[in-house]
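Chain lettering (A, B and C) follows the sequence in which the chains are written, and residue indices restart at 1 in each chain.
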Amino acid sequence: MLKMDNSEIWKDCIGAISNLIEEADFEIDGKGIRMKAMDPSHVALVDFRLSSKAFSVYDVEDTVKLGLDLTEMDKVMSRAKKNDESAIGYIEEENRLKIEFKGTSTRRFSLPLLDLEDEDLPDPDLDFTASAKIAAGVINDGLKDAALVGDNVRFELLEGKFLMKIESDTGSAELELSEDDEALESIDVDNPSRAMYNIGYLEDMFKAASSNDIVEIKHGQDLPIQIIFEIAEGNGHLKFLLAPRVETE
Amino acid sequence: MLKMDNSEIWKDCIGAISNLIEEADFEIDGKGIRMKAMDPSHVALVDFRLSSKAFSVYDVEDTVKLGLDLTEMDKVMSRAKKNDESAIGYIEEENRLKIEFKGTSTRRFSLPLLDLEDEDLPDPDLDFTASAKIAAGVINDGLKDAALVGDNVRFELLEGKFLMKIESDTGSAELELSEDDEALESIDVDNPSRAMYNIGYLEDMFKAASSNDIVEIKHGQDLPIQIIFEIAEGNGHLKFLLAPRVETE
Amino acid sequence: MLKMDNSEIWKDCIGAISNLIEEADFEIDGKGIRMKAMDPSHVALVDFRLSSKAFSVYDVEDTVKLGLDLTEMDKVMSRAKKNDESAIGYIEEENRLKIEFKGTSTRRFSLPLLDLEDEDLPDPDLDFTASAKIAAGVINDGLKDAALVGDNVRFELLEGKFLMKIESDTGSAELELSEDDEALESIDVDNPSRAMYNIGYLEDMFKAASSNDIVEIKHGQDLPIQIIFEIAEGNGHLKFLLAPRVETE
C-alpha cells in the first residue's frame, strides 16, 4: 500500500505518459517506483521514477511488476480532486490495482492488471554537448507558435542563447531566450548544436509540466533530445528521450 | 404575470427537466405552478412545484394549463443573466408565453404554446425503507466516477453508510460516505437496500443542483429511487423518480 | 518598423476583420495604417485606421501597400500574450511581414505578403437619420438572444429608445434600451428608423469589442447600418458598414 498526501504528481505524470504510451510495466520495490517504455512507433523513450520518499506511507516488501493500461489509469487519476489524499495498493489474488481518493468522500477504483511482454529497450549512450534549464511554459509557447507553421521544430543551443525555429512556405516562427531572460535559468554549451523534433510529441511530453516548472534539456548536434522534469520535490523524475527528425532541406 | 427577483431557480430547474422531457403541461393557479411528466421511455417521472411565495409578484386569477416546449424554454432561460429580474406572463389571445429579463437592458421573449395530450401518469405507492440527505456535488462525483466503468450504478443505503458501486471487466468504482463525513447530512435506514440505476438519467437529474445543495434520496430494495431537490428556499421542489435496472449478474 | 506597447488592439481588430475578410491590402505611410475592404459576398464594408500616434515607435518613410492573409495574421496575433510588446516590420527584399512579441521570451514570426488586385470599393453617401452610443456587451446579448429565433434582427432607433427585434414561428426576442439605461450612453434621432440585418455578420463585427466598450451606431430607414469602434484611445477606428436585409413579411 502506497499513500500520497496529494495526487497531483501522479495525475500529471500519468497524464503525460499516457499520451505517448498505452500500456507499460511499473516496477515497485522497497526503494520506489520505476517505469521505462517506448512509444509504439519507437520515437520516444520514457523513464519515470518516483522514490519511496515521495509517499507519506510506503509499505512495499517484495518487488512486483504491475502491467497497467495507462489510458484507463489516466482516466481514474483525473478523477482525483486537488486535496484528495491518494492511496494505491495491489492485491495479488485479484490481479488488480486498487486506487483510493480520500476527501469529501472516500472513493475507490480498481483496474485489471495486464500481462505485458518484456520490451527490449535501447539504452543509448549519447554525448550531449549542451544543456539548459528553462521554464516549461516558455517552451510550451514555442511549441504552439511553431505548430502554426508546420510539424517539426528545430532546437538550437548556442553560447548563451536558446532558440526554437521553424520555417515553411506559409511563414516562420522563432522563439529566443538569452541569458538576460529570467525564463532561461541556465545554459551550458560546449558545442553549439541544432536538431529538429516532432512538435506533437513534444507537446505531449510538456503536458507533464506547469508553466513555472523548470525543465532540463540535454542536447547535441542531430542527437535525440533529452527532456527532464524533476517531480515530487526532487524525489523523482520524468525523463523523455525523443529521436530527431532528419532535416530534408 | 409572475415576477421573480432572480431567474436562477427557473434556469436550473428547466435545464434539468429539459434533459429528460421535451414538452409538458405546466398548471398555474393561485397557489403556484405544478408540472408532472414522464420521459419518453417511461423510466423517469418528474414532479415540479413552485409556490406563489417564491415570486415577488404573483398575479394569477384563473387556473391555466400551458403546454411548453422545454428545449426552447431552456434556451430562453439560459439567456438570463445572474441578477436579472425575470417576469413570466401569458396572453391568451396570442397563445404565447411571455418572458422578460430586466437588468442592464430589458429583454423580452415569447414562445408559442403547445396543445398537448393528457398523459396518464403512474402514481406508485412505494415503501421506501431508507433515506439520506447528501451534498449534490458528492453524488455528481460518484456518477462521473461510475461512468468510467459502465452504464449503471448501484446505490446502497446501509446502517450509517451510503455507497455508490459499479463493477465490470474494465474495472470498478465505489464511493462511500459514512456518518463522519460532512457531506452526508443524515441517513436513516430501516432496512438496508440496494438497487441499480442508469447513470445517464441520474446525471441529467443532478444538473438541477449546485455542488453544495443538499439532495434527499428515498430508497428501497430494488425499488425506484426518489430524488428530491428543495428549491426557492423551501417554496418548491423538483422530484424525480427513476426506475431501477434489473441486475443481470 | 512599428512598435506598440501592447498587442491587444491588433489582436482584437485583426480578429474581427478576419472573420469577414480573408485577404486585404494594408496601406502604411508616415501618418498611420489604413485598410478598406469588402467581404466576398459584398454585404459588409470594413474601414480600419490606426494613427502613427498609437505606436510607441513608428518609423515609416515611404508609402507601402502590404497584402495580408488575415486568417494567418490572426493566428499569429492570437499568440501574443497580454503584456507583450509587439513590433511589426517589413523587409522588401524578402517580401515578408515580420512580427515580434517581446515578453518572457522574444518570439518572431514572418508571413509571406500577397499580391492582391485592386478592388473597386463603393463609397456610399448615406443620409443617416439617427445615431446612438451603446455598450457593446448589450448589443452582443441582443444578438445572442436573436440567434435563438432566426437569422436576421431588426434595429429600431426611436425617440429616446433603442430596440433590437426578431420574430418567427418559433418565438420572438426583443431587446430594449431607453434613456434611463446606463448602457445607452446617448441617442439622437431626427427620424425614427428601422432596418433588418444578418445576425452572423453582426456577431463577427462585435468580436472586436469588449463588453464595456462603447460602440457608435449610425442608422436610417432601410439603410445600411454603420458600426464604429474607436480604438487605441481615439487614435484609430474600426468601421463596419453592413447592408440591410429586405424584410419579406
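As a working rule, a contact is a pair of C-beta atoms (placed from the backbone, for glycine too) under 8 Å apart; a residue touches a chain by one contact, two chains touch by 3 or more.
Everything quoted here is computed from the prediction, not taken from an experiment.
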Size of the rotation, in steps of 5 degrees, that lays the CA trace of chain A over chain C: 120
More than half overlap in residue numbers between the two sides of the chain B-chain C interface, or less? Answer same or different. different
Could you state the distance in Å from the CA-based centre of chain B to that of chain C? 44
Show the residues in chain A shared as contacts by 2 or more other chains, in ascending order. none
Going by the contact rule at the top, pick out the chain A residues touching chain B in the complex. 72, 75-76, 79, 81, 96, 104-112
Chain B contact footprint on chain C (complex, rising order): 135, 137-138, 141-142, 144-145, 148, 169-178, 181-183
